[in-house]
Amino acid sequence: MKSRHVVRERSVHRGVAGLILTLLLAPLLALISSGPAHAVDTLCLPGPDKACIAGTIRTEDGPLADVKLTVTDEAGTVTEVTTGETGKWNVQVDKEGPYVVKIDEASLPKDLDVVKDNVTVKAKFGATMPALLTVRTASYSDSTSKFDQLLQSTVNGLRLGLLLALASVGLSLIYGTTGLSNFAHAEQVTLGGMLGYLLINVHGLNIWLGGLLVVILCAFSGYFQDRVLWQPLRRRGLGLTQMIIVTIGLSLALQYVYQYLVGAGTVRVVQDNPSVREFGSVTITNQSLVAMAISIVVLLAVGYALLRTRVGRATRAVSDNPALASASGIDTDKVIRLVWTVAMGLAGLSGLLYALVVNGVKWDSGLQILLLLFAAVTLGGLGTAFGALIGALIIGLVVEVSPVVGMPGDFKYATALLILILLLLVRPQGLLGKPQRVG
Amino acid sequence: MDTLQGILNGMMREAISPQTAAVAIAVIGLNIHLGFTGLLNFGQAGFMLLGAYGMAISVWHGLPFALGILLGLAAALIFALVLGVPTLKLRGDYLAIVTISAAEILRYIGRSSLLSDFTGAAQGIPGSQYREPFTNLSIFGSGSFTLIPFNYADVADGAAWVRIIGWLLLVALIVALVLVLRGRAGLAGGAKIGAATVISVVGVFLLFFLFPVPGQSTGVNGWWVRVVAWTLVAISTFVVFLLVRSPWGRLLRGVREDEDAIRSLGKNVFSIKMQALVIGGLFGAIGGMIYVLPASTQPDSMGRTLTFFCYTALLIGGAATIFGPVLGAVIFYTARIGIKYTLSAYVPSDWMNNQQTEQFSYIVVGVALMLIVIFRPQGILGNKRELRFDV
Amino acid sequence: SDSEGDAKPEASDTPTASDSAPAADAFTDDKCAANQTSADSFRVGGILPLTGSLAFLGPPEIAGVGLAVSDINAAGGVNGSKACHDVQDSGDSSDMSVSTASAGTLVASKPSVVIGAASSSVSLNVVDTFADNKITEVSPANTAVDLSGYSPWYFRTAPPDGVQGNALGTLISTDGYTKVGFLVFADTYGTGLRDVVEKTVKAAGGSCTYGCKGDGDEFPPGQTTFSSEVSGVIASKPDAIVILAFDETKSIVPELKSQGWDMSKTYFTDGNTSDFSKDFAKGTLKGAQGTIPGADPDATFKERLSGWAEVGEGAALKDYSYGAESYDATILAALAAVKGGATDSQTVRDNYAAVSGATDGKECKTYADCVALLKDGSEIHYTGPSGIGPIDDENDPSSAFVGIYTFNADNKNELTSTVEGSK
Amino acid sequence: MTSLQKDEPVTDTRKPVVEAKDVVAGYIPGVNILNGCSLVAYPGEMIGIIGPNGAGKSTLLKAMFGLVKVHSGTVMLGERDITNLRTNQLVEMGVGFVPQTNNVFPSLSIEENLRMGLYLRPKKARERLAAMWDLFPVLHDRRNQSAGALSGGERQSLAMARALMMEPSVLLLDEPSAGLSPVRQDETFLRTRRINKTGVCVVMVEQNARRCLQICDRGYVLDQGRDAYSGTGRELANDPKVIELYLGTLAKDVDEERDSH
Amino acid sequence: MSEHTIAPTGLADPAARQAMTAGFDPDPGAAKPDPILVVDNIVRQFGGMTAVDVGHLEVQRGLITALIGPNGAGKTTFFNLITGFDRPTSAKTGAHWSFDGRKLDKTSASSVAQAGMVRTFQLTKALSRMTVIENMMLGAQNQAGENLFKSMFHPVWRQQEREIEAKADELLQRFKLYEKKHDYAGSLSGGQRKLLEMARALMSDPKMIMLDEPMAGVNPALTQSLLGHIQSLRDEGMTVLFVEHDMHVVRHISDWVAVMAEGRLVAEGSADTVMSNPAVIDAYLGAHHDTDLGDDALLTDEALEEIAEEVAAEDAERQADEEAEGLR
């Protein structure tokens, strides 16, 4: 109820009633915005012919009480004021114009540096003018070492890269086996996060169990998708460009399914703040560490499966020449379905980890990184799973590191894309792609 | 009936909206890239953006309108060259990534606050800053103007069945157009084109006739920009028709099929692709200019989404066909509005609220898009036989 | 601020048995029929984000409009004719064709007023179309400075950036933070506010360490990873950080926390000063402060808004941003129509400023009260839940209250004081 | 010089291994490439199919192998009706196929290509690989190179080797000798014949017609989607109609010319 | 066979040709009186393996020269190099080749073709989604309508288009593809594609045509009639360089034969001389190349071993070469 009776510092025609109310409630306000009773604790209220000058004296460690300040007007009249327990001070003046606020260094504790001991502010009737004075402890350093920053952002970059890699390996696998650029892949990534939200946050499942379930469900969604959509389309001999449009349509539909079901805002998979670990100057959350570890393990497993197993070879065979693959006894449909299943499982995992690491998921979370995924896949060489891994790491690093080395922050994605373009100029087949033979 | 009429009116407005025309022109350009030359240009929105910004920035900063248009075209031309020189030697898929990336980079530059004095940053340039020279050219004079005097009284305000018949007629015309163009009507060569043109003209006239807002003013989003936009669509279509039925067009399709083969026949593949990229890009730029004339120039409005829509429109209409892009654009936008309005009018509000209905309608749009492509992969005008050899 | 916020009064969630709060079932959802126009009814068009990246702002705005229409009809309509609403989708700036189409539809439906759009980009896209067709457009949420006085047909009930920016800048400075870092959303909303806050802080003798004007460190809307921005801003060693963003805040805060930032030195704005109790672990935001222009709409109003949403939109509101502004925008329009004696858009425009108090009329709080005053022939000054001052000659609210909120241990924002700011 | 006309009944008491009966098949609905084409192969036989370009030879093989849809007629493998069965099922039944074009996996290495030939029975890979390395030493030397880099002839050898990996019981070959150097052509023919002698039924399409007819037990001449002539290899090779329509006289002329030197 | 009217080149007369080739020096890389193509020091390596290493080669104008050699000898790669589809590894260390007096060291593939040297591909490149006739018409050179600006004006190129089509029709008939004129090239059979490839190359009226195994997969009767056509083209003055494994074809039409093995030019001479060269027989033709394979006697282990040895010989030198390469 009290909230409805809050002080409203209304101006001119607000009338006396308001003022009285204000005064009645002043103690309440004081409770909030300044400390308990003290010399300056009466709140300064600017009025039609009154101006306030106010501020807080603090170091980076906290507010300083009992610091003396002088406020000098144009005419040279000096008013003294002392800071309260919360470091706050204010003065009411009845002339407009410049005032010099100066700190009395003698009233400060010994080991402090006064960086800025006076400031001039222009008082205006009806307004509170803040005045800022800077006091620092002796140990204060003004900046972070560039090297530390670089280190931190490199770690962040690796983290982003690994998560991108999980998703882009799947994208690359699908491209590799079927030639399809799956624009709906982003929505699969989002799906991972969304399912995570529903299972872990809403239904309160244990995070590991929930995570496992998410991956299984996503993998199943891949299986299902191929069963009801992609396989029939392949059977009908739909062209690749057409298929791309189908993926675009699917992506649109899925985005709005998420909006419809979960809403347009960001939701979080777990509510807790991640706990932090420090390695030298680098801080990283436990969640990120676990996510990175999981990504590495999964990526290694996928890589091994691709290179060393029969099925892995089969996926590449199918991508090369599907007709011949089936003439070799490979059930191409089965292989492709497997690829969809695995790819979607990976995308789901990536989405879940991504949602955990970046602290939330939204209907367009995946869409935002879609281009990065494609860039990673291309950078590494289209259709080569390992290329996708390397490409993703590079993209992740560029995105995180480029702002540190001086690129404006809003160009960080643009920089990643630019690097991609430049690299393709030098190595058109991508990092791991092979040039093709003519004739 | 009123609701139905409202929906039909909405669709009609969308069908002849200048932005539909703008997209149609951009798609005509994209058709040269994708349909005829096989260049996977996923950055058509980038070309549009350059055209739009080229014009808007110039006029905003006080240059003459004509110069603004030229600068917009020049920007697209340079973009095509800069993009083409390094990437046209790459394989098609890589071109897709490079173009989409380049277009995104353009968008990032457009919305960067570093250039805000020049580009207006994220918010872009308000239409009022650059539209005036264009509206001043209007042949309709200023203020309200009723293009077809009897339309409001006779049709738009009349019973809904008049409108429905109008629509049916229009659909019939489109079907006729499709039949003629796909050679089912037994016409060939000049007769075919002639018939197609006549049908199109009648169709456009019908559209205007059925168009429900009579008192469109001429300034911002009225008759003038519509007439200019659709005239440009017609001109673009005709130019493309001239281009692709010629040996030059044959070259394009050759490049689409196998570059090495074309090279071995002594044709300069790079130059052909570059010509295609530039021409298509210029159409994109013109589309971009039209796109922003009734609205405002904003970086985000010409991003990936728009490129995807262009692709969709192209494939719905039929890639590598002359009228496909225009038909596709009109159908895509009209159908989208139709779906939205129908759902919001007929889905009971205790099933879904306003917002959910809108969201649901996008789901339907997405699914409809998939279905169209699945069941008519060659597009409305496309040739099914060609698809068989899709590699 | 660093006071013992816990001792602060609880915001009361239970509605008071207020005189004006009708029971929930009294709300009506008066959708326009297709043939209703401003000729025979008070038709309120809406161009609000139902889909796209700002869709989460949609529900409170729709509820604001819907509730206003419901209240207007409860009070007997406008000059005897019924009010109705027709909300169209504005989409977002990535697909302008949505807003263009909606604008076309709205123009064709001949509304008395159009409420919208939420984002400045969309407004810029359609504002000329409305002006050209002589339709009054009132945005409940646009804050861009460039829109001040954009066209005689464009009004807004959200105060321009200057009002809130000043208040926030003053708040930060009086809290004694010298070096301020900004995490800014690259949109007119973010940059506009940032510019004002930065200016205010600098005027008080402070400085900007990150995300400053001209640095190009803004992040694009919809971005999901903020580690580099957060690292960047923390590395710049600010004393306080201002987050100027919408929904992204949910991802930014944990990132800040995990990189060791003390959240009590963080400031929010109206885009993200809201109830985060469902999003963060307890205590995460404790002590962080935020500003929202407009006096804190009292709990009754929020209840009613949400109550209407349950009737009209089938779900209670989770968020109330710009709900009050939408409500006031609609009520003001209706009052203007009453004052001018006609429901056409021209009349609404002509009287819009007058009913908002520009002519120094009598204050009145509800539609019914104001209508009664108008009927008596007096000039009025409508003071609705949004707490804006009279509309000035640039069609902006000339002044507005800015509420200062502190987050408690539950991550809920609680009003701590209110200051009045002006352009 | 008896040329057996198509419709002349051939009575044979043996049970066919593969048989195509009046197969009608095509790529596009409504356009039939094969118009009632029949072919039969008995145990241990080697069948050659020759015919002008575009006659439908490859299509016949593909139809038998399930790569082209059979509209009417049947394809039998022993007792089993395999019409329109999926290709990989046929492979499981022991049918091997070497296509005319695109017959390797260009981005897989040579060894991987060969392993693909044994996809269904990976256990035998080591043994079979060793056997192939013996037969095609060139391939062994380059086993880790990607097949896409191979020359036309090398590809052809690889394709052949891939099919031999699986030890099929029926082998369908589409122009296995095309692009091979003469000595390799001979080798291919003889090797195929030798495999055939081990009981594998071979059906091969060839443009190197004379050699094909020399070595095959029976031959079919396809024309316009029908089996126009059939008979033993030697009968066909000397049939004047076949010569006129199809074989031509080049080889004979050249040989005679050379002998007269 | 096809008795085309013989154009008045001196080389139309077989006797004149024989007289001419008899005068050629049979050493590999020997000079010719009027070479149209001169190649010097072309080396192409893939990794450690040398695919082509041709020191010097001249191709006589107006003759049909066959290029034969074992699989993987480097014939296709050689074609790729001189037609600009590949770049020699030795580009910086003095690789030169010139065509008709024009240096081609750095010329792009399309310019090479424009200069009059047109090639076909061993693995055919049909333009699938274009009709056969369109494929053909693309082959024609100097089309006004292929210019972007002129293309918009029908009258400018109408006449030329008709002429080109007429010519294409004629070729299609000869190549037995006329019935397929309006079919998509993607629907052609393997052999038909080969035919189309060749016919399309001929559309450009090249000075020299380079055919990569043109007759592989073409049925014998048609081969025979096409050879007649090629001969008549030669008689009209076209130079032909072709790769072929069918020795009947080589014997029948080639005036001169060059042999490549493991990337090098190892022998030159008339067909008869080259084919009686024991080295060529050993490594390329095989002892049985003109015996009847139908004889089951050949299926004995000995005979097969013998053949296997020959095949091994075909590979042996190359292997040695590779090893040498590896040692280096």
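So that you can tell them apart, the chains are marked A, B, C, D and E in the order they are listed, and the count of residues begins at 1 in each.
Rule of thumb we're sticking to: a residue touches a chain if its C-beta (ideal position, glycine included) is under 8 Å from a C-beta of that chain, and two chains touch if they have at least 3 such contacts.
Bear in mind the structure is a predicted one, so any value in this text is a computation, not a measurement.
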Required minimum of steps from subunit B to subunit E, each step between chains that touch: 1
Chain whose average C-alpha position is farthest from subunit E's own: C
Chain at maximum distance from subunit B, centres defined as averaged CA atoms: D
Nearest-to-centre chain - CA centroid comparison: B
Dominant interface by contact count, named by its two chains: A-C
Centre distance in Å when subunit A and subunit C are each reduced to the mean of their C-alpha atoms: 25
Between subunit D and subunit C, distance of the C-alpha-averaged centres to the nearest whole Å: 77
Separation of subunit B from subunit D, taking each centre as the mean of its C-alpha atoms, in whole Å: 52
Two or more partner chains touched - positions in subunit B: 108, 111-114, 260, 304, 356, 359, 362, 385, 388, 390
Residues of subunit E whose C-beta touches two or more other chains: 76-77, 85, 121-123, 187
For subunit D, residues contacting two or more additional chains: 27-28, 149
Sites on subunit A touched by subunit C in the complex: 1-4, 6-11, 28-29, 31-35, 54-58, 60, 62-63, 86-88, 90, 115-116, 119, 121-122, 127-134, 141-144, 148-149, 152-153, 156, 159-160, 256, 259, 263-268, 271-274, 276, 283, 285, 354, 358-360, 362, 364-365, 367-369, 399-400, 403-404, 408-413
Parts of subunit B lying in touch with subunit E, wherever the complex brings them together: 239, 242-243, 246-251, 253-254, 256-258, 260-269, 275, 279, 385-386, 388-391
Residues of subunit D touching subunit A in the complex: 65, 67, 86-88, 91-92, 97, 99, 102-108, 112, 115-117, 119-120, 122, 146, 148-149, 162, 166
In the complex, subunit C residues that touch subunit B: 29, 31, 33-35, 50-51, 55, 58-59, 62, 87, 89, 92-97, 100-101, 103-105, 107-109, 120-121, 124-129, 131-133, 144, 146, 150-151, 186-188, 191, 213-214, 216, 218, 220-221, 312-315
Residues of subunit D defined as touching subunit E within the complex: 27-28, 50-59, 100-101, 137-138, 141, 149-154, 156-157, 174-175, 178-187, 189-191, 193-194, 197, 207-211, 213-215, 233-234, 244-251, 253-255, 257-258, 261
